[in-house]
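Following: one structure in structure tokens, then a few remarks.
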Amino acid sequence: MRHIYYCPLRWADMDALGHVNNVVYVDYLQEARVDMLSVHAPQSGGEELGEGVVVARHEVEFTRPLHFRPEPVRIESWVTQIRAASFTMAYEILDELPDGTRTVYCRATTLLTPFVFTAERPRRIRPEERAVLESFLEPTGALR
Amino acid sequence: MRHIYYCPLRWADMDALGHVNNVVYVDYLQEARVDMLSVHAPQSGGEELGEGVVVARHEVEFTRPLHFRPEPVRIESWVTQIRAASFTMAYEILDELPDGTRTVYCRATTLLTPFVFTAERPRRIRPEERAVLESFLEPTGALR
Amino acid sequence: MRHIYYCPLRWADMDALGHVNNVVYVDYLQEARVDMLSVHAPQSGGEELGEGVVVARHEVEFTRPLHFRPEPVRIESWVTQIRAASFTMAYEILDELPDGTRTVYCRATTLLTPFVFTAERPRRIRPEERAVLESFLEPTGALR
Amino acid sequence: MRHIYYCPLRWADMDALGHVNNVVYVDYLQEARVDMLSVHAPQSGGEELGEGVVVARHEVEFTRPLHFRPEPVRIESWVTQIRAASFTMAYEILDELPDGTRTVYCRATTLLTPFVFTAERPRRIRPEERAVLESFLEPTGALR
């Protein structure tokens, strides 16, 4: 099941070239992940995975420039793999018209590790967290 | 030839978990690229490649957390491939001790396309730009 | 007439102390201003005042810490003074409960100057811009 | 005694209008404060005042636009008033030529309160902190 998050743009997201800067897209992914796991998770138990993770790897493909506009951009996110102490998420940043036409701005994959920040060390995924991740599991990645 | 840029951290680079946020590393890559191609290029002619490019793809591997400290972090960057209308850069974000010991925080690869922003379209790499990129050419990538 | 803009927070707005950083509040003011003058203006003609201005002065009073939450924060903004080549805006960042109780996080005042960016010089306010600003005119400032 | 901090600019500090955005200047002030009190304080004891404070009020006057350039900008900061549980700082962001000519981009004043973040409440200034603040005391403010 894909999670859908409508991410509002900010005027300040644009760089000196008038595009939403590539760095800001990576923040959009982070905001979508926090929304999916900590804010609007379908069941409780996985909240810590939204904020209490470190990113181990990003692959981000930019397919089209974005400019500031009042309409939020749609971010779909899901889980593609769950391991003992890490999981992989996939994302698409896009607009979808009522007729189903999709304009994709960015596709991405992120490898994440739950982390105990007070002890500065990684930890294993707990059973109740695995259950939340499984509710988003879809084996197909985002990148072509 | 690798380009070396010492990137100063900002206190504001840290997130609520007290780490330099993963998104900010991606800005560090951008700052290193602008420095390499627009500010401290070894020869003139490639200035537009620093700022006048769009990122087509990022692969970023985070190997160790960074915390705010007054010492800048060292970013090594180089070029791994040059095509007609795009080029690939590699980066390492690290500390190097006087005895040569290296602590790597991040390794990354970026695919870049020169872009005419007034016309919103990609363009080919010019001969004088190719010469600048060739001076940084090293076939080995950063990612393991 | 006060303009009302609901500004969504981002997880990344928090600093290492777990508060929305004071710097980010100043961006919230900017986003509210763009929304008021360029996006949701009650009449056309003032669009350039949202983005094509420089800030000459900010006074920002922080009254209460903000933490990340999914609910947007409400920003009320209005115009307190209109001069030949500058105008003053006032803002309140707050939550308002259905019963009218208000929790104010920030009050601010900004002096703005329309600016011709291609020529890098200030310019006068045009009549149609003045009409838009007048629709938001309320002489009472935000600061105590 | 004024503290001097050379703040490096980032390409990403520029907004869609090609200027360092007004919001970013406010981060420059924060970075200068952390440097003055936590990093390069003349005597130990005041470190917590750099990071463990909340901003109660900013007054920021923008006098000239800044554009990205490799040279850092100079920030002078000092203390203008010390109270039981708050203190006021003043700042100037400027370039100074070897002949002493000064180009000022920004003048600012900030009211700060030491804060116990674990308890979310303000606290009084400790004697050893007062001593550090006094070493920067200069009664003249920055704003005209």
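A, B, C and D label the chains in the order they appear, each numbered from 1.
Following the convention adopted for this analysis, contacts are C-beta pairs under 8 Å (C-beta built on N, C-alpha and C of every residue); 3 or more make two chains touch, one makes a residue touch a chain.
These numbers come from a predicted model, not from an experiment.
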| item | value |
| --- | --- |
| Furthest chain, CA centroid comparison against chain A | D |
| Of A-C and C-D, whichever chain pair has more C-beta contact pairs | C-D |
| Chain A and chain D, separation of their C-alpha mean positions in angstrom | 35 |
| Interchain centroid distance [CA atoms averaged], chain A/chain C, Å | 30 |
| Distance from the mean Cα position of chain D to that of chain C, given in whole angstrom | 23 |
| Numbers and ranges of chain A residues touching at least 2 other chains | 11-12, 16, 18, 21, 23, 27, 30, 51, 68 |
| Chain contact graph, described as a line, ring, star, complete graph or other shape | complete |
| Residues of chain A defined as touching chain C within the complex | 8, 10-12, 27, 30-31, 34-35, 39-40, 51, 68, 70 |
| Residue numbers on chain C that touch chain B, as the complex places them | 11-12, 14-16, 18, 21, 23, 68 |
| Residues of chain A touching chain B in the complex | 16-19, 21-24, 26-27, 30, 51-52, 54-62, 65, 115, 117, 120 |
